[in-house]
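What follows is a pair of complexes built around chain A, which joins chain B in one and chain C in the other.
And then the complex of A and B:
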């Protein structure tokens, strides 16, 4: 409701939005859960930067970082982070055809082709990174 | 099969009450009846003071949208039989100020719609003597889906962002902007982009997606908005990042 109208129509009834609007519908809950996975994405980006920084520091500091990574609690946390990242990525890629309309030879590319293209790109980049990291 | 069904209808009579109240009506149950038929029965036989909007009874006018058991639907297209037995709750669409009973105010949407120039924008009209602007079936197919919007407001009612941030231009207005953007006869893309790339335009959308789920004519406003975001981003890349793309 546009608050601008309030002074002119004091009698119009406006239902305030409840704080727990996101549990009103299953779809809202799913949406909110997906939005929350963004926190894990942010966390893993920070973790990557810390990792790179540690790799550039002294050997002893790096060892300390690695042993922190290997502690059971951190491993458990990172399993959760990994699952959240996977959910985030898969839902993102599945939505790609909503935003993309690609035409080839005058025909609209089917949604499945766009999704598959995204998965192929994702796997290739991941494969390339894995090859660089493992290969060096 | 039950003989009757109970409708719990949200009433709001501003001259009598300070807030909405529920009223129950017992109406005959007929398998061929829509929720709108039950409301019309109430109006004709039980309580003539009940106020609501309707016109065509066939999903074209877009005026009978209400919340039925919490879901935004066209009441002329929702069978009583499809709903779970027990009482049926009917409320005005969520997100709009209620004027009376099931009638809400649309002014906010109409003002927003105007902002996106929902008409064919031409830099220069061709002379009438040159005939009509012709279009191929493929060119028509480009925007036809968006042109199916009946302004029923179900999508606004399903959108939590519109409720949380009332300045959001909203799903139908953006889908209707796309209806003209993708029309081969139109030249208003840039003007619409200038309006919709603001904070209250496409970027306010967080892609909950419920607008498309409730749309009775499959306009898919959520996709229209995401498509818009992609073109806005590509425009920005072209004009800002690529040195030769400066406007």
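And then the complex of A and C:
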């Protein structure tokens, strides 16, 4: 049983919150949309392993997987996935200064510098991975 | 779920969020948009196998996939918890989300060890 749940405990009055409380305000909707980008993160992780599996199989099986990737609906889905992942990345990197405080010479590094550093890291990692996949 | 497990789960969520933010957009763009549309050319089947066969590639893949799954588990858990106010299902939701991430991590590890 949920340890937070106490049977027979008197219940004090609480204003009921509607199930769709997060639709009412723009800020809440944005928050929920951000949280739901995690679904696309999970999808990409799973598809990455499906791609690895396909590469590990026979040449014909791999070709079949590639032609599935080429069908227009699948490409359209992956464009949606890409946009959601961009939202994840931008919101995540912008929050970085809230999660870390870096001190240099006794002074706190300004938030903008931390964000800029993260964007530089994103650019470098993206460049490196694109080079590994396409440039070799 | 005891309070003491929270920091560990948060660390997995945080590491997964960071790795996903840095790595996933370019992978999706190159592997599943640009290459299928013929904008760029991916390595051949044999070269891709060799690339994944490298221990460093497999280590990176394992870290990215498993931590991304734990990132999803943590965020999705609290989205269900707060968004749909499923307070009474707290424990069940935690078991399903973290359980899925754990099983996914084990399957990923196995698939990468036995690759190809």
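Throughout what follows, the second predicted complex is superposed on the first by the 123 of 136 C-alpha atoms of A that agree within 3 Å, B and C clash if a C-alpha of one lies under 4 Å from a C-alpha of the other, contacts with A are read in each partner's own complex, and residues count from 1 in each chain.
Rule of thumb we're sticking to: contacts are C-beta pairs under 8 Å (C-beta built on N, C-alpha and C of every residue); 3 or more make two chains touch, one makes a residue touch a chain.
Here the structure is a predicted model, which is why all the values come from computation and not from measurement.
*Asks:* A:14 contacts which: chain B (first), chain C (second), both, neither?
*Replies:* First partner only.
*Asks:* Mind working out whether A:94 is in touch with chain B, chain C, both or neither, as first, second, both or neither?
*Replies:* neither
*Asks:* Quick check for you: in the superposed arrangement, does A:45 touch first (chain B), second (chain C), both or neither?
*Replies:* Only chain C is touched by A:45; chain B is not.
*Asks:* What is the contact status of A:106 with respect to chain B (first) and chain C (second): first, second, both, or neither?
*Replies:* After superposition on chain A, A:106 lies in contact with chain B alone.
*Asks:* With the two complexes superposed on chain A, say which partner A:22 touches: chain B (first), chain C (second), both, or neither.
*Replies:* Both partners.
*Asks:* On chain A, which partner's contacts cover more residues, chain B's or chain C's?
*Replies:* Of chain B and chain C, more residues of chain A lie in contact with C.
*Asks:* Once the structures are superposed on A, label A:70 by its partner contacts, choosing first (chain B), second (chain C), both or neither.
*Replies:* second
*Asks:* By the touch definition above, which chain A residues appear in both interfaces, chain B in one complex and chain C in the other?
*Replies:* Shared contact residues on chain A (touching chain B in one complex, chain C in the other): 2, 5, 17, 22, 35, 99.
*Asks:* Once bound in the complex, which stretches of chain B touch chain A?
*Replies:* Against chain A, chain B makes touches at 12, 14, 19-20, 70, 94-99, 105, 107-108, 138, 160, 163-164, 166-167, 206-210, 213, 220, 222-223, 226-227, 229-230.
*Asks:* For a test of understanding, state which residues of chain C touch chain A in their complex under the given definition.
*Replies:* Residue positions touching the partner: 14, 16-18, 20-33, 35-37, 40-43, 45, 47-49, 51-52, 61, 64-65, 68-69, 71-72, 75-76, 78-79, 83-85, 87-88, 90-91, 104, 107-108, 111-112, 115-116.
*Asks:* So in the complex, which bits of chain A are touching chain C?
*Replies:* For this pair, the touching residues of chain A are 2, 4-5, 17, 19, 22, 32, 35-36, 38-39, 41-42, 44-49, 51-53, 55-57, 59, 62-63, 66, 69-70, 74-75, 78-79, 81-82, 85-86, 88-89, 92-93, 99, 121-122, 125-126, 129-130, 132-134, 136.
*Asks:* Please give the residue numbers of chain A that touch chain B in the complex, ascending.
*Replies:* Of all residues in chain A, those touching chain B are 1-3, 5, 9, 11-15, 17, 21-22, 24-25, 27-28, 31, 35, 95, 98-101, 106.
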